[in-house]
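The following pair of complexes shares a single chain, chain A, combined with chain B in the former and chain C in the latter.
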Partner chain A sequence: MPPEPILRVRGLKTQFQSAAGVVRAVDGVDLDIYPGEIVGIVGESGSGKSALAYSILRLTSGRIVAGEVQFRGQNVLELREAEMEKLRGDRIAMIFQDPMTSLNPLMRIGTQIGEALRYHLRLGRRAAAAKAAALLQAVHLPDAERRVHDYPHQLSGGQRQRVVIAMGMSCTPDLLIADEPTTALDVTIQSQILNLISETRQRTSTAVLLITHDLGVVAQLCDRVAVMYAGQVVEQGRTADVFADPQHPYTIGLLRSTPHGRRRGEPLRPIPGQPPRPGEIAAGCPFAPRCHLAEARCQHQAPDLIHIGGGRQARCLLRTEVAYEPAP
Partner chain B sequence: MRRYITQRLLSAVIVLFGVSILVFMVLHLTPGDPVEIMLGPTARPGDIERLRAELGLTDPLPVQYVRWVSRALQGDLGRSIQLNRPVLPELLSRFQATLILAVAAAIIAFSLGLLLGVISAVNHNKLVDRVVAGFAMLAVSMPAFWVGMIGIVVFAVNLRWLPASGMYPPQGAPSWGKLLVHLIMPATTLALVPMAVIARFTRSQMLEVLGQEFVLTARAKGVPRARVIVDHAFGNTLVALITLLGLEAGILLAGAVYVETVFAWPGIGSLMVEAILKRDFPIVQGGVLVIATSYVLINLLTDLLHAAADPRIRVT
Partner chain C sequence: MSEISSPTSAANQVAGAYAGRRAADMPLARLVRNRMAMLGLAVIVVVTMLALLAPVLPLADPNAINTSARLKPPGSPDAVLGTDQLGRDILSRLIWGARVSLLVAVLAAGIALSIGTLIGVLAGYFGGLIDNVFMRLIDVLLAFPYVLLAIALVSALGPGLINAMIAIAIVNISFYARNVRSAVLSVMSMEYIDAARAAGASHLRIIALDILPNMIAPIMVLVSLNIGWMVTETAGLSFVGLGAQPPTSDWGSMLADGRRFILVAPHAIMMPGIAIVLLVFAFNSLGDGLRDALDPRLREGGR
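Right after this comes the complex of A and B.
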């Protein structure tokens, strides 16, 4: 693995002000992404995985209160908005969950793909249109030359998501953040889109941060995975390692509750209880109330993310016995 | 697209047919005999009968209707009982004045309403937003005729900046400049309520659009915030507002009646008010027909604009 990550997130905290008080959506996240790899972030709804993604591009409607987001050695949280705009869509691109709503219904798809090209590469209208057609060809949209003149409603959901990916890849970014890119699609289309993302990564060596709640997607696509719970990363490591030998009770619970992670013949077992409601996280381990291994100390002592060897980390008091590996 | 237009045109014709029947019927169902009013209280019964027969008022209603419609289609809306002149030229010259007033008011209401709405939405919950909201509330709650009279007292009587009434000064040749000066107060008065309504709707519609994922997508592409608002958000807001703008355009025509009365604007509204009081029913019939036709045309135009602006309608 190359030594320098292109994205290094440290101690990131994003909060939302709600009627009930402060919601700590992202609560001290550390995350590294190396060039060309696909990193998955899994977690239940409300675990803070989308808030993390939005915070990296500074598109969150919440407030980033602490931490650093180093992109190629530069803290993007310190950039001025105009500099941020130059970064977005050019070096870091982001695509969203629902292809039905993430395209402007009044604009031809060619124009929408061309927008980033015009702003970042300073292409003229005609050059941008030609490039847009080539990009659509690259995402295997049939009849791309003609399709650039179509409006979004003339395309199916899967076709639109191809357009969205072409749009995200238009300036060949170093990092593509994909927020649940297959959730809104039919199962058959899902795997096509996943294959497309994987193929695109191989062609362009763009790193991908893939947000999903689907462990099957992670298993199929991701080199590494970070599991989020209540705004924190509770476990991260190479996908194969995490799936073979999960270290955090929450990860174990997640794997047991889905067909992908369970051992053959084992029944599906849901995790009891509900994730803590935003804003009501108390002292101690946030997962303790649902944890089958929880001890008395888990109720009042918050665990740190500790390195447990092999580039793996887990946030659990019961793992402190594992050989300590100092942070790089 | 062609099928859509034909459909719209056809339904416009049907609506106009319905309007013509209603217009014709309503006047025959209202109390008060125009012939008696024309001839005055001293008229002899024989004269009343004779004039009634002369005007064709003794024929059965369907016969009267067919005669009225076929003449109307040829541009003959009859003669005014009071003025003893053909109705159509009279109506058209008055309607022109109304149109000038309504168009001026529409320009003010649409441009300022949209602008204030967008500014409000972009500065959601900030001071500007609250000020605009307060102003809109005030504008909506003040009746136009009252605003008009206050305006006359302040700007015409006390400050002497603007003329109090009419379209042109009583003496001298009419000119664009004079027209403009006379337009300011009535047009602003007429525009006030629609402007406030448009500002409120634009604000809420724009806020909804700004919350949609394609706006976020545009931001994620690196499109500067101001361009996102102009290129992505405003277009989608406008498409959603076309129907409202069409309705408001109709309301401007209707509202012109009060404003014309207050400012003695020689429009179709003030003509109709006089005609109703004097039971000059060819004028009333013709006037309602002209106004209703312009409503139908505005509606038709709204639908066509909607189709032109929104590709999702164009295809179906």
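Right after this comes the complex of A and C.
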């Protein structure tokens, strides 16, 4: 009997109103996250990865027009704002891309970590400060006892991202959403932070939704991966399966364009063209204009996400569906 | 706030973070190095001290009329800056008048700042309909020329210092509301606001702990740039007889008294005139210095 997913997203659609018209940033996404696993979401800039993350927490500046976000069996889209505030930071936490701007420059880091503890766990000032120091120790911030009194500007980028992770983990959430947590860091720090996320997951069995455009990060860290293109999930499956045998031409293109995905000696091959500009997506498969396998029908028939076996899904007309099987 | 001048990473510039900054680059150090700002600060400190100490300074009674010593020139033995048309000591009147001018300007700034900040924060933070309603009201307020609106308000309320102060405060609400709103918008673009939301903080908590503290620098700049205007506007209202009423006098009413004798005793109008110019200049150069030191992005701002 497989466990129930902690997060079950169904048919989620988030739209932005722009001068050019309606932008469908998230366009019918289905996604399951099981307790304790790390799920990667990859895609180019503008593919809707971040919009999806913000929509799950209901922090998007766009409008969620359809779908469900079931968290532990409860549709968070139906919660009142006050109930949502109780959920955020306590059961679902989020960490951000840029540690330079994701900490309030005028608040000591200990106080900043303690804030969430004080209103979620109702800890007193003193208890919150002690817990903050312990959390900083857990993310291997050297000299944590003393650093709680530091301001963000006294820390390096990597150290700040540790603080951000400590903040995210402060109430031991069931789900941590990490929005490109290593993009703004240099390479050596990146792997330290990724190790920290992986270690934290093992210690607390918090599930992680990791948003990234780095396939290397996915390969290193994620149990499962969802590939997003133009607001839709185009392929989903276990990381090893997807990397070994990608089913969607976009995934194939992504893998060929990075050193991780290609065979030794094979040249890097970028995907030709640009992602469709939001609001410009015509009928048919959104990837068809850039697809090396596109056929005539791809131009006017939009593919559905189909099950292709092994718990995998792909959104491509060239794949044939196999009988439905329960997710692993 | 952040610093644009150094060509570091974009993240650093926007961050408002003081990371890796040398001591000489810190806002206070930059302010201290700014000579005009320091000169302005010195003038403000001296005028404020004189105004505060007026009751204990060895000054002549500012309202003592002595018709035999009318319009004495500056440098007279009993009156360093001369006397006015009623023989009152101009130095003493200037210092006592500074109390009135400064008090009215500071109080008016405080009132305008409080109301303007409230409107600016609500409009900037919540956006949408609230923003639209408030900003259109502010536009209406802005459609009137400042001084004319102040005069109209005092005429409606009746002349007097308190009413002049209220009028000046109302006129300046738009200045604070608009600038605070844009400061809120720039703080809101920081990821730590999203981070606070994602951590479950309420709107009130975010405004109190994240938005307001990070706006102190631009607000300080706004106030110091604005108080100079307040001094001028108070003097202006008193000059046309809508502000300080006799026997109380401020620099504006001294100016008005002196103008009838501009040919026979130019010092009677020059002394308060110089005082106003000096104080306004001091506030403005301090404000400019603060702005340059704290937030170079505001350099093109002001009104």
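We take it that the second predicted complex is superposed on the first by the 318 of 328 C-alpha atoms of A that agree within 3 Å, B and C clash if a C-alpha of one lies under 4 Å from a C-alpha of the other, contacts with A are read in each partner's own complex, and residues count from 1 in each chain.
Throughout what follows, contacts are C-beta pairs under 8 Å (C-beta built on N, C-alpha and C of every residue); 3 or more make two chains touch, one makes a residue touch a chain.
The shown structure was predicted, so the numbers you read here are calculated from the model rather than taken from an experiment.
When both complexes are superposed on chain A, chain B and chain C occupy overlapping space and clash. Of the two partner chains placed by the overlay, neither chain B nor chain C lies in contact with A:Glu68.
After overlaying the two complexes on the shared chain, residue contacts for A:Ala184 are found with chain C alone; chain B is out of touch. Within the superposed three-chain model, A:Glu44 lies out of touch with both chain B and chain C [touch as defined at top]. Contacts of A:Glu85 after superposition on the shared chain: both chain B and chain C are touched. Of the two partner chains placed around the shared chain by superposition, chain B and chain C are both touched by A:Met94.
Of the two partner chains placed by the overlay, neither chain B nor chain C lies in contact with A:Asp241. None of the stretches 21-29, 39-47, 57-65 or 111-119 of chain B clash with chain C in the superposition except 111-119.
Judged by the document's definition of touching, chain A residues 57, 59, 85-90, 93-98, 101-107, 115-116, 119-120, 151, 153-154, 164, 167 lie at the interface with chain B and also at the interface with chain C. Interface of chain A with chain C (complex): residues 57, 59, 85-90, 93-98, 100-107, 115-116, 119-120, 151-155, 164, 167-168, 177, 184. By the touch criterion given at the top, residues 57, 59, 81-82, 85-90, 93-98, 101-107, 115-116, 119-120, 151, 153-154, 164, 167 of chain A touch chain B in their complex. Contacts from chain B toward chain A in the complex involve residues 212-214, 216-225, 231-232, 235-236, 239, 309-312, 315. Chain C contributes residues 11-12, 14-21, 190-192, 194-202, 205, 209-210, 213-214 to its touches with chain A in the complex.
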